[in-house]
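Take a look at the structure below.
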Amino acid sequence: MSIEVKNLSHVYSLGTVFEHTALKDIDFSVGPRDFIGIIGHTGCGKSTLIQHLNGLLKPTTGSVIINGKDINKEMPMKEIVKRVGIVFQYPEYQLFEETVYKDVAFGPKNIGFSEEEIEKTVRESIELVGLDFDEVKDVSPFDMSGGQKRRVAIAGVLAMKPQILILDEPASGLDPMGRSEILGYINKLNKEVGICILLVSHNMDDVADFADKVMVFSKGRLVKFDTPKEVFSDVDELEKIGLTVPDSKKVLLGLKEKGIDVDTSLFRTRDAIEEIIRVVGGKK
Amino acid sequence: MNNIIEVKNLSFAYDSDEPDKKALENVSLSIREGEFVGIVGHNGSGKSTLAKMFNGLLLPTQGDVFVMGMNTKDEDSLIDVRRTVGMVFQNPDNQMVATIVEEDVAFGVENLGVEQSKIRGVVEDALRAVDMFEFKGQKPHQLSGGQKQRIAIAGIIAMKPKCIVFDESTAMLDPVGRSEVLSQMHKLNKEDGVTIIFITHYMEELIDADRIIIMNDGSYYKEGTPVEIFSDTDELKKLRLNVPETVELADGLRKAGMNISHNVLTKEDLVEAICQLK
Amino acid sequence: MSEMTIGQYYPADSFVHKLDPRTKIMLTLLYILFIFMVKSVVGYAVAFLFLVMAIMFSKIPVKYIIKGLKPVAFIVTLTIVINILWTKGGNLLFSIGFIKVYAEGVVVAAKMGVRLMLLVSTTSIMTLSTSTIDLTDGMEMLMRKVPFLKNSAHDISMMMSIALRFIPTLQEETDRIMKAQKSRGADFDSGNIVQKAKAMLPILVPLFVSAFQRAGELAMAMEARCYRGGEGRTKMKVLKYTKRDAVAYVIGFLFFAVMVGSGYIGLPF
């Protein structure tokens, strides 16, 4: 399972005074089991991009290819959404059924799963997001807390068994523990279930903690697609496009400037701790 | 300093049929004039409910809330309470009333019955204070989230409150919008002496607060300066909270035996502290 | 959405734009009233001339006015057809089966069609040349003069302005929910009318839930800003009549007099 984006450009309101190029010449490919972080300023084109990956938007030029097939030519919408799931920002606003079970079953039903398949996938998905199936299945989603609603909404997309899951700011608005729980489950989906994850986030630390590779968008262009280590290596360039690096890395850079010879290519908090202790020394 | 807000033995239940299901239980605290206070707590800890008590949007089931000595339960002084304590909410879209920016800023001032000839001046000053003057003729939906929140702030400061409550006003913004709103809060606090009460999930936004109050399961848990509050990372995690990343890094180093002061909250201080050990 | 001209403001610096909204509302209402009292061809010509003048003095491109006619084209057509078929009198022009078309029918239908188009065009000029806020202010002021609307004038105009404020927000929201449900395989395009209606539930339910939540939050935000209804409230902008409005009223009444009067002084039709 792979997604290839070739030469993709998207222009909104083509041919009117409001004409606006949201994406320009985007080229990349994503393989199975990848965990990709997508970062960029608001309005950089990242939300336009993700809507192309499951056919919600059609490219003005270029193509999106899933498993060798151009999705806009050879794949009906139902086939696309079977493979690529999108969890939009504040997904709890898509809940509408009377019970959690029915809501999570909505997607699989739409794409033609059998009754047995639906039951199995609903149970699995609810458990994958850390909820107790028997406890929540008959509860109305509207009676749940914000954090639980968010999980039910994610389960609703997972239940369609996508091989690629795109999440737009899945943790926004949650409390710190809620944030790390959701991100933990997403990481598990990648590592244990083998789903390819594309995580759109404003939070550099989340991206640093989980992503194998990072896409950086600026003004409608994909300016960088590399490992976090490489992407975070050019602090000046990131800052020029309004982004920043994780705080741990800034501390390492500060130390380097003061003449302490630490490895500034590290960016995760736990790595930074080890590195500082290695260089400066622990027990003193 | 005088207390601008005093909360005494406050309990509150949303549903009068279920008086035992309390959103707030026996909370007592006070806010001093000119302070910058952060209030934190997990989702459902009661912090937003508490915020709505400060200007009489919600009234205590038991106990009292006093704003400059006025009881919020006293209907005659409710308008004075609300012009003393203004409030900026979480969702920037759901607090704009008018279809034009300047009209929205004028809304509160008009409600107070300010003399017509004075309104425009007040509105324009408020827009200048949040750096949004050139947007006065725009429509709200043409603005970014951070800009909308600044308009909401302008609408409040036009009413000249002594205290402004920010109820998770940065939660729905991107990093740029968040820092815009945060620096606006500090500016109001430092330059105009406005008391700020800031409810948030983002601990790093409270590094410069005078005081942080922790709410837990509807009760007042504890309070302290940022240094005091962030010094116990493990306790905060138990409360479903966290510490700013720099503090976590410092904490990790401390646990490995490095002698780093709990006063270290910023990157610069941490670099300095490590250099001293070398 | 972009097809909807009513409620859309076309900014320009013109005589009509600068008129007090009350003048524009009143003249539009009177025009609509009098257009149904026109009895002569001359009357219609004068009514048309009034429209042309209004367009010229508003500097609004004619294509915007025509765009405003599109959504009502169906209603106009329907009115014309019904009037042709229903009216009996004068010479029988032709008949197909049981359908009989009389000369009188054609005349009545033509009159109705022209009236409707003039009515919609004039209303478009009013809405295109007046910002929504001025429009609601003007309506509020006018309603205050009407005895049975006096007490609710403020509430009605507040409701209208909030509705206008939230139209774009709810449009965006609908779009967002629709995309989310499409991503879950929802199909809004195929099936018969019952299936299509049922398919709308996954959009309507979340939309209502969120609209109610927004309404609740907005009410709270308004309360926090000391809102107590219209009482004791002042306004930043106060509407003021100027000489320009007097000129407009005089011109308007002259036109109306000729429009209606021409029918009574022995002109044809």
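As written, the chain order gives the labels A, B and C, with residue 1 at the start of each chain.
By our rule, a contact is a pair of C-beta atoms (placed from the backbone, for glycine too) under 8 Å apart; a residue touches a chain by one contact, two chains touch by 3 or more.
Everything numeric in this text was worked out from a predicted model, so none of it was measured.
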Pair of chains joined by more contacts [C-beta pairs], B-C or A-C: B-C
From chain B, the most remote chain by mean C-alpha position: C
CA centroid of chain A to CA centroid of chain B, Å: 30
Separation of chain B from chain C, taking each centre as the mean of its C-alpha atoms, in whole Å: 44
Residues of chain B engaged with two or more neighbouring chains: none
Multi-chain contact residues (two or more partners), chain C: none
Complex contact set, residues of chain A against chain B: 41-42, 145-147, 172-178, 180, 202, 205, 242, 244, 246-248, 250-251, 254-255, 258, 260, 269-270, 272-273, 276-277, 280-284
For the chain B and chain A complex, residues of the former touching the latter: 41-44, 144-145, 171-172, 174-177, 201, 203, 237, 240-242, 244-246, 248-249, 252-253, 256-259, 267-268, 270-271, 274-275, 277-278
Chain C partner contacts - residues on chain B that touch it in the complex: 52, 55, 57, 79, 82-83, 86-87, 89, 91, 93-100, 102-103, 106-116, 119-120, 123, 139-141, 155-156, 159
Chain B-touching residues of chain C, taken from the complex the two chains share: 131-133, 161-162, 164-165, 168-169, 172, 213-214, 217-218, 220-228, 232-238
Chain C to chain A touching residues, read off their complex: 173, 176-177, 179-187, 201-202, 205-206, 209-210
